[in-house]
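Same chain, two partners: chain A is paired with chain B first, then with chain C.
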Partner chain A sequence: MAKPTEFRIDVEKALGKTEVRAHFRKAMDTLMTNRRNQFPDDAALQALRTQAQAIRANALSKLPELLEQLETNLTKNGVQVHWAETTDEANQIVLGIMQKHHAQSIIKGKSMVSEEMGLNHFLEERGIEALESDLGEFIIQLDGETPSHIIMPAIHKSKEQISKLFHEKFPDIPYTDNVDELTASARRILRDKFYAAPVGLSGVNFAVAETGTLCLVENEGNGRMSTTIPPVHIAVTGIEKVVEKLSDIPPLLSILPRSATGQPITTYFNMISGPRKADEKDGPTEVHLVLLDNGRSRIYSDPELLATLRCIRCGACINHCPVYVRIGGHSYGTVYPGPIGTILEPQKEGLKVHGELIQASSLCGACGEVCPVRIPIPNIINRLRHDSVRKDTENTPTQDAGTRRKPLEAAIWQAWSWSASHPSLYNFGGKTATQLRGLVPNNLGAWTKVRTAPKLAEQTLHQQLKALGVDHE
Partner chain B sequence: MSQTTNPPKPDTIYFFGTCLIDLIYPKAGVSAVQLLQRERVKVIYPQAQTCCGQPAWNSGYRDEARQVARAQIKFFPKNIPIVIPSGSCAGMMKTHYPELFKGEADEVEALNLANRVYELTEFLVDVLKVQLQDLGEAVEVAVHTSCSARREMGVADKIEQLLGQLSNVDVKEQAYKTECCGFGGTFAIKEPEISAAMVADKTLHIRATGATQLVSQDCGCLMNISGAFAYQAQHEGKAAPKAQHIAEFLWERTHG
Partner chain C sequence: MSNARTAILQRLNSVERPVVDVSARESLSVVSWDKAECIHRFTERMQAVRAEVHRSDRGNWLDKVAEICKTKGLNNLLLSPKTEWGQVITQNAAQFPRLKHYERSIEDWKEELFYQVDAGLTSTLGGIAETGTLILWSSPDEPRTLSLVPPIHIAILDTDKLYTTFAKAVKTQGWLEQGLPTNALLISGPSRSADIAQVLAYGVHGPRELVVVLV
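Up next is the complex of A and B:
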């Protein structure tokens, strides 16, 4: 976990890497264009967003009941349901299942919740091999990195870097920078692992309460293999991923890939409804679902912050963020980067650890504009800024509320507020400032490193309009 | 969002000048008032007005923002439109006052004020339906629309509708036109490196259009972008397009 002070250092480092920045820009441009092409009719897009928002909001409004229903129906289907309050509990549950089966390795489909849990690290410390099978995840695991994007974990890596990495890690395979050949190599390596792994792990995109179905979208087929070849399948997900009905799925499935990668639909869509039945030839004999809270109940308790949990993890906010495109995902020092990380991480982990992130937004609103479930991300950033300096900390569930209130900054705002709510004081200040305009220094710290200092006017607008005889009441 | 049904042309309106225009860009405010007066609208500029409260609101200091906002609500009591030459301050009053005053004793007054707010270009186009006659020389212009005008107020197209009426103005479109310039109020101070990277790209793309003039509805963006242009002119000898608030630009080109 990143220390609070690392953010700024990471940002400076990231901004210095012009090649990486150009690479990111190109990648995000492509994703933005792809998304735009998927939604030629704006009215249709807005209608679909409203529908998706309603589905997710409805699910959250009944969350406790739906989770109970989900558990009942999954259990009926033969899926074993586990509840984890913390990431440590979730890790212990996975470990327990593996120990029961004397499993020494696990093959993983892509799962951000498993990243949140730090599962790979946890298992490796206990001598268990956790292998990522999503190509992007496979690449960054080879290099000992974490994902820099929630749906494209290796987006920060160039083709050349990946070629070198493969050559270094697999010296038997001849060097190539041909993408198809690299992919084929990864596929060959992973194929054997799929057959050998005693346990497979996946995330969940939507969990349907009505039917007890776990839905999984993916493009590589590794998700299907992770969930069908090994005899044991463990799915991990956050408690917010539940939806009420099976009929809620088509609209969500329609908007998720189009918002994410600009695909009309993903190559694979898996609906998992239990272990192998007596008359079936394949599939795991055991299926488990681990439902993780990790701060989500706290977010759930606040009517405004609750919207954070509508997220379907498409990453569109990340792709459209002018800050993310410049600093990249790793600078955030969090599991979830970009705008969604900016609102989720400080709520999940507390403002002491990740409170710095909420300043890293110009509140331009590009994220909120593209969010398929209309999470008002800028409003939530604003709210978290308030939480970080507010005095009535009992009125918010946010962890470490009020801890970023600095006496000097608070005093400045109080003085500003006093002056700007007392016209005679404000006008006196304005007039005096313009009279002393010559004294404004040319060096205004960081502002004047790349800009000239703004100059105060000779006369304020108040003075000029008065002189022009503009009515004042 | 822009009004779906626009009121008939009013006789009298309020003008909220914004603190940034008051202290740094008063010419933009004077031009806006002149444009409005030319349409035979009586403009009232309450001398008690100060600031919309946005700086404190965006910094998380809600009590302090509310105190300032409450004062403005008192200074604009009549049930007439409030025209604001800034998407950002208009957005504050229109979309954030309702949040800021939720559950407060004066919530109704705040909502009433919010409903009367118009961004200047929106008001000129949708309510006054101005017809402009271009008296200026041929010029190539780039437009930077503020994120608040675009996404909070939904009035991004108004500025181009006004420029479209000027026969000698050729609008050049820059790459990444809808991307933020990196100002973001206190963002520019709290995240100076990211802000600097954003404005560097913004100036690059605007300069690449060859436009000699930049216009915007928001002086915050202009302060950021024109400050960077001036710095680059001084230190790197690069061309600096002239940056003006849209009101100032329109008034200069259309008054005889």
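Up next is the complex of A and C:
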């Protein structure tokens, strides 16, 4: 048998942690209930999903034009726009801006793209402190971890673990497991950091081409602090986040928080259209936007895979995924976990690195049903499965397409498909198989490790239907 | 122009783009609530996220705000003396805790702003009934930090400017025609987080308390 992969080992380990699993189950149940309560009227929900899908699809259909328009308008507003093909280029751009200001530290609002860039690690290697200010991100950074969920990064941690962690890292603060007190401590610590930070970083939820505006959703206020207090603000985003018009924003804002955490709206919706003006008294004097490609334009070139880029990163697919709830976010070994990670990561990083993720799905369809922009996630999983074994690899942009193709497997399927299109042969094969059913071994390798071996029926389906008088031809 | 820009745009432009049906894009949700219903919904939503909402009218709002300051035991109140409300409050300073006027650039008094201000008072551009939301636009008189840094944010909302939905507010107020400010904000409650074991906690980085005075 093949050596178990890293993914399988991680999954095995995660499944063994009963307590953590129970914790995830409870958290996801709450999130699912909260979301359901936000959409009491199914017809209204479906109409809003159709609208949100249309807004995102429209934006993608004009992507290059909108990116240029966004750049023009941002520049007019005084924002400096940078383009990066790779995460390394994006990191270099951020570093360049920091060096220009002799900045030794950066304070960060929540940004999954900065996780994608591995920005913290990159900066720390160069002696620059990168501090997370979102409470969840702050907690996992203390413990040297990465987010296990795209909107609730510390969801895998219990209150007790967090209490211990705080006490260990800040011995001066008396031990407490009171959530309000823990939060107040974090507030105090980070206030001083905001006060002193020379540069702030944020992600972007939507960028409006028409007005040159960067929109951010958040509850804590750290996003506002990071983009308001430091003299320099750097926003990083994927090139797909742009929308055409200001009027596209309200419907998206209406569906995003409700799908994500089941809130009618987030505490803050922050729309930034430029740096501090001459007569203003606060706000950064410099604002930068880094537009990152990192494989997105490759995904863009395929009409089916393109739907992946509609994603507004709400996390609903994750919250509803039966695989995610069992194995947790870290087992995926990727920046984006859950269904969205399952389709995005193999496309971004190639099938050799993350191709295994697409096998870890029961295709139950829950993700596709809740996605606010109607991304057909199960279909894309199927498509990527096909890509991984296809022969005509020139017809897909997916990296490492065909690398999972095994000659024997391919030959078997080919023979099957040939026999299936020849009825008499197919029937003969079916009957023979049922007659030889006793010969199926009990040990079928990996399959029987966690399951009993399947037994063939005594009669084929065709035979049984015939006996019932159904004409199947 | 940078190479990355050219390369990315070139790749995107080389794709034969599918024609998409975007007819659903414009559909506006139509709700028609009268003023009383708007106030009711706004208040309910705000209170659900632990914001305080006080009713008042043109005759007694000043006393209401003064009373709130007293109840909260504020030592000082930060505001702009130039707004409609700020002017009147400044004229009646005796009723209030020590008034601080936001008159200098943040760099000139950052420490005081961060550590010695009890509450910030702002006007609002309007409100949204559906979600229980305040609209604030940054301006030279009322900078962004006025509603962000002090631990208590007191906001005054003229109920004539309460709109049913966000889309309606954007349209009626003509945001596009006016041009957006450097920072347009929607605020729907005090700062909060559920990052520790999904337990709700308030006042993470922004104000711990949000007090809305409806006039």
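Here are a few things to note about the model shown:
By our rule, the second predicted complex is superposed on the first by the 443 of 473 C-alpha atoms of A that agree within 3 Å, B and C clash if a C-alpha of one lies under 4 Å from a C-alpha of the other, contacts with A are read in each partner's own complex, and residues count from 1 in each chain.
Simple rule for what comes next: a contact is a pair of C-beta atoms (placed from the backbone, for glycine too) under 8 Å apart; a residue touches a chain by one contact, two chains touch by 3 or more.
Treat the numbers as computed from the prediction; the structure is a model and nothing was measured.
When the two complexes are overlaid on their common chain A, residue A:466 makes contact with chain B while staying clear of chain C. When the two structures are aligned on the shared chain, A:426 is found in touch with chain B, with no touch to chain C. Shared-chain residue A:327: touches chain B; no touch with chain C.
In the superposed pair of complexes, A:365 makes contact with chain B only, with no contact to chain C.
Within the superposed three-chain model, A:254 lies in touch with chain C and out of touch with chain B [touch as defined at top].
More residues of chain A are in touch with C than with the other of chain B and chain C.
In the superposition on chain A, A:75 contacts neither chain B nor chain C.
By the touch criterion stated above, A:162 is placed in contact with chain C alone, chain B being left untouched.
Taken in their complex, chain B has these residues touching chain A: 15, 17, 19, 21-27, 29-30, 33, 42-51, 53, 55-65, 67-68, 70-71, 75, 99, 147-148, 150-152, 178-180, 182-185, 187-200, 223-224, 227-228, 230-231, 234. Those residues of chain A whose C-beta lies close enough to touch chain C in the complex are 27, 30, 44, 47-48, 50-51, 53-55, 57-58, 60-61, 63-64, 67-68, 82-85, 89, 133-136, 139, 152-155, 157-159, 162, 179-180, 182-184, 186-187, 190-191, 194-195, 210-211, 213, 219-222, 224-225, 228-229, 239, 246-251, 253-254, 261, 264-277, 279-283, 291, 293, 297-298, 300-301, 303, 306.
Against chain A, the residues of chain C that register as touching in their complex are 2, 4-5, 7-9, 11-15, 17-27, 29, 45, 49, 102-106, 110-111, 114, 130-133, 138-140, 143-145, 148, 165-167, 170-171, 175-176, 179-199, 201-207. Across the complex, chain A meets chain B through its residues 8, 11-12, 15, 322-323, 326-327, 359-366, 368-369, 379, 382, 384-390, 410, 413-414, 416-423, 426-427, 430, 433-434, 445-457, 459-466, 468, 470-473.
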